[in-house]
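Note that subunit A is present in both complexes that follow, paired respectively with subunit B and with subunit C.
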Partner chain A sequence: MRMMSLYKDKDTIIHKIDPLNKILYILASILITMLISDFKILTLTLVFSFLLLAIGKVIKNVFPIISFSLIVLVTIVVIQGLFNPNNKIPLFNIGQFVFYKEGIIYSFLLILRVLNILCAFSLLILTTKPSDLIENLVRRGLSPKLGYVLASVLQIIPQMLSTMDTILDAQRSRGLETEGKLIKRLKAFIPLIGPAVMNSLISTRERAMALEMRGFNSNIKKTFLNEHNETSMDKLIRYLIIALIIFTIVWRLVWLK
Partner chain B sequence: MAKIVVEGLKYRYPLSQKLALNDISFEINEGEFIGIIGANGAGKSTLCQALTGIVPLFFKGDYGGRVIIDDVEVAKSNLSEISLKIGMVFQNPFTQITGSKLTVYEEVAFGLENMGFEREEMKRRIDDALMLLDLYRHKDKNPFDLSGGQMQRLAIASIIAMQPKIIVLDEPTSQLDPQGSNEVFKAVSDLKKKGITVIMVEHKVEKLSEYADRIMLLHDGRLIDFDTPSKIFSKDDLKDYGVVEPVFTRYCKKIGLKDERGLYPVTLDEAVNLVVKKREHNS
Partner chain C sequence: MSKKLWSFKFSTASLVLIPAAVGINYIGKLFAGLLKLPLWLDSIGTMLASMLAGPIIGALSGAINNIIYGLTMDPISFVYAITSIAIGITVGILMYRGLIKNIYLAILSGIIVALVAAIVSTPINIAFWGGQTGNIWGDALFASLMAKKFPMWLASFLDEFVVDLPDKVASLVISFLIYKGLPKSLINLYSSDDEIERL
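For the complex of A and B:
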């Protein structure tokens, strides 16, 4: 089954942590990296995130996500190294381009921030089943309708893409040329998108009726098939993260004075 | 007491000039298996939607007459409430999968969660529904990984778990291969044995004649006839309504083989019995 998700199904302690705690961890990670500009602390938090990813057995899967943002990271080094307004001490040069120490140091700080946030996000998306995450949010007050939209999109979009492939094959078999120059491809787009959109509209209408027949718009308070037992460990982790967030904010305010 | 009473039902879709349903009245008793036949555009699907409240609660438009299920007038109720009395299965198995659940088991739970059932009750109902539709061994599979027939049975299981007393099926086998169709027919006949009223739109008239107690013939939004399969398929003017009789009936019509009531057989068994009887009589 094709699904739009990076989730890796493994049996580890990280996978069992309440999804809300992982969201809080992202929040903490963003706050800490934005409020603190200390190399040691940021490196420490990054190492900690990597440690959590390693315990979750998903460390291999985080590298493609990082490499995806590699161009941005390299661009940061180049631009800051060359053009940071505080640049004074030349560090090295490539041809006639001089890279400065201040800019390079600042760019490394930015890179650390980006990596910290990326790793925290990866921890959530690689170790949390999307349906668990959404169900957790619905339990905590997210509208069940919005929850349904978020959950269904992950499975229905790949289904729509495979319908699109069928339409593509059908139109090709009738002689539609879909490969070649850009203009040819653009021309081929119209006979493809028409049936695809109509097909989706019809499916959506039928699905809406089918959902209605299963109490989708019911005013009764929703119940859940899966039990949700919040362990004392989950609570402890939550309080720790919240304490860390508060501590960071207070520390930053005091430090600024 | 009749379970479903329809009185003078009329309906016109928004932006349409023509009546999709024109003055339809009938009664259906508890536990009956009703087949609905007719040409394309006869109003079969619209009638199903009117029985389940989708018309006029989902599709607006001009609506007249009454549909009463268990003393409740459908048009004055709401769809969630009606869904506990009458369930509906649609043509396309794929569009009936919610898409938000990852296993067959959770998929069946979707409606029950929406209706606020307790967890234990939910599990009991899901187990029963999956057993009845012979899907229990697939309970941990992703719904989209099932075959067409299995997916359609899952759609039926999801409706059955809500424990409605009536189930309406709108051409549930039209997109399935012969094996998938057989699976669905077997499942539906099991539902009838459980005392559930079944109303089924179907073009496979051979199968329908085998299971249905009565058949409703629709044409141009009007109810032409509503009687036993033999009486309906023995009619001479079926062609005018765009309906073809079962192959056994067609054969017997051609050779003029009728039973003592003057009706043609509609199933293979009836035809064989009649031929054997005639042969014995002749010898």
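For the complex of A and C:
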């Protein structure tokens, strides 16, 4: 069964860092990219993220994630270059289309921002096992019930994928047409999704009963499967990131005046 | 009554509805891709969860949907969690007020949901993509509006709205049709309204 995760199991120092620190790193990254529009700083943070990804030995796994947004990033350059309302100085032209400097600069800033945020997220996603992340969040005060919900999504989706194939085969053998005109294909959607919905809703009833049998609603403090020791390095990293976030906000406030 | 609409006390049944809703969203998207439909249809689960268990469960389904997408496929979907939450809340309120009664009202509600989704998504689109959505048709409209010197927020809003409108209307109509076909015993399972009638 296909695992629902982008996690790459490797033994590096990045993998051992507390997931909470990686979440803080994402927050810092979003904050910096949204508050500061300086090419040098944004390039520096991007290089730093790539460096961390390289230490985590997951750098080549970042590119498929970036490629998700690649087409939009390319069209941003085209649309902003042509039509940005601040466009004044023509830079170059392709045929009759004139690209302007302001729009191109703005689009590169947007691209840098998106890449920064994507890399920060990738650091979390590629080097943290989703179940570890959820357990860590529950340990830090996330409701265990929500923790269960999150973890069970990761289980349920592969299960539903296999029922999806069953439904598709069953309906096709009854003569359901899944090709042809748009209206025909649109009509085929309901007989496909309907059984999938019924199936999953009925199984939620059984799941709910099974959970209640096992004391899901009991308010006694839950224990954890894995032991967790926060190292002093984790603490140090956390304070560093928090300091960085505060510094960015203060710097931006001073710089604005 | 209105207290119950916003209740944060979840029954086990409505909590396990959330993973099912996320799964339905995912399968809806896959089936839409399989049938080569020009729609995403990836919010049917969120809408059904809102219809069955109210706006809070709907909003949670939406948020968790995007968190899981973000963790397993495309990190950008994290930031669009806000849009999913808005969709869940809107459908939940519309349903509670009895506004999704027949297919025409479902279409009308779909338009409202599309409006809300577009309003919430526009600031995100402007911050991340300079106003684009990544959909070819929407972005073509965006480019032509920008060329005609429309304000960026309006062009961006229309870009998102033309993409959302057919998708959300179709999703809500499909969710409504499925909801109508569900047996009563399933619908009662999630309703928070647990009043006991005395003889």
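Throughout what follows, the second predicted complex is superposed on the first by the 252 of 257 C-alpha atoms of A that agree within 3 Å, B and C clash if a C-alpha of one lies under 4 Å from a C-alpha of the other, contacts with A are read in each partner's own complex, and residues count from 1 in each chain.
We adopt the following convention: a residue touches a chain if its C-beta (ideal position, glycine included) is under 8 Å from a C-beta of that chain, and two chains touch if they have at least 3 such contacts.
Source: prediction; values computed, not measured.
> Spot which of subunit B and subunit C makes contact with more residues of subunit A, would you?
C
> In the overlay, answer first, second, both or neither for which of subunit B and subunit C A:Leu27 touches.
So A:Leu27 meets neither subunit B nor subunit C here.
> Once the shared chain is lined up, is A:Leu182 touching subunit B (first), subunit C (second), both, or neither of them?
In the superposition, A:Leu182 contacts subunit C only.
> Once chain A of both complexes is superposed, is A:Ile190 in touch with subunit B (first), subunit C (second), both, or neither?
second
> Have a look at where A:Phe216 lands relative to subunit B and subunit C in the superposition and call it first, second, both or neither.
In the superposed model, A:Phe216 contacts both subunit B and subunit C.
> Give one of first, second, both or neither to describe whether A:Leu225 is in contact with subunit B, with subunit C, with both, or with none.
In the superposition, A:Leu225 touches subunit B alone.
> With both complexes superposed on chain A, which partner does A:Leu82 reach: first (subunit B), second (subunit C), both or neither?
After superposition on chain A, A:Leu82 lies in contact with subunit C alone.
> Could you say whether A:Ile242 touches subunit B, subunit C, both of them, or neither, answering first, second, both or neither?
A:Ile242 contacts neither subunit B nor subunit C.
> Would you sort A:Ile156 into first (subunit B), second (subunit C), both or neither based on which partner it touches?
both
> Answer with first, second, both or neither: which of subunit B and subunit C does A:Arg207 touch in the superposed model?
both
> Following superposition on chain A, which residues of subunit A contact subunit B and also contact subunit C?
148, 152, 155-156, 159, 203, 207-208, 211-212, 216-217
> Which residues, counting only subunit B, touch subunit A once they are in their complex?
It comes out as residues 49, 52, 54, 58, 78-80, 83-84, 87-88, 90-92, 94-96, 98-102, 105-106, 109-119, 122-123, 126, 142, 144-145, 155, 158-159, 162.
> Of all residues in subunit A, which touch subunit C in the complex?
It is residues 4-6, 34, 65, 68-69, 71-72, 75-76, 78-80, 82-85, 106-107, 110, 113-114, 117-118, 121-122, 125, 130, 133, 145-146, 148-150, 152-157, 159-161, 164, 168, 178, 182, 185-186, 188-190, 192-194, 196-198, 200-205, 207-208, 211-212, 216-217 of subunit A that touch subunit C.
> Help me check something: in the complex, which residues belonging to subunit A touch subunit B?
Interface residues on subunit A, with respect to subunit B: 1, 129, 131, 134, 144, 147-148, 151-152, 155-156, 159, 203, 206-227.
> Over in the complex, which subunit C residues touch subunit A? Could you list them?
Per the stated touch rule, the residues are 10-13, 15-20, 22-24, 26-28, 30-32, 34-38, 41, 44-45, 48, 60, 64, 67-68, 70-76, 78, 127-130, 132, 134, 139, 142-143, 146-147, 149, 151-152, 170, 174, 177-178, 181-182, 186, 189.
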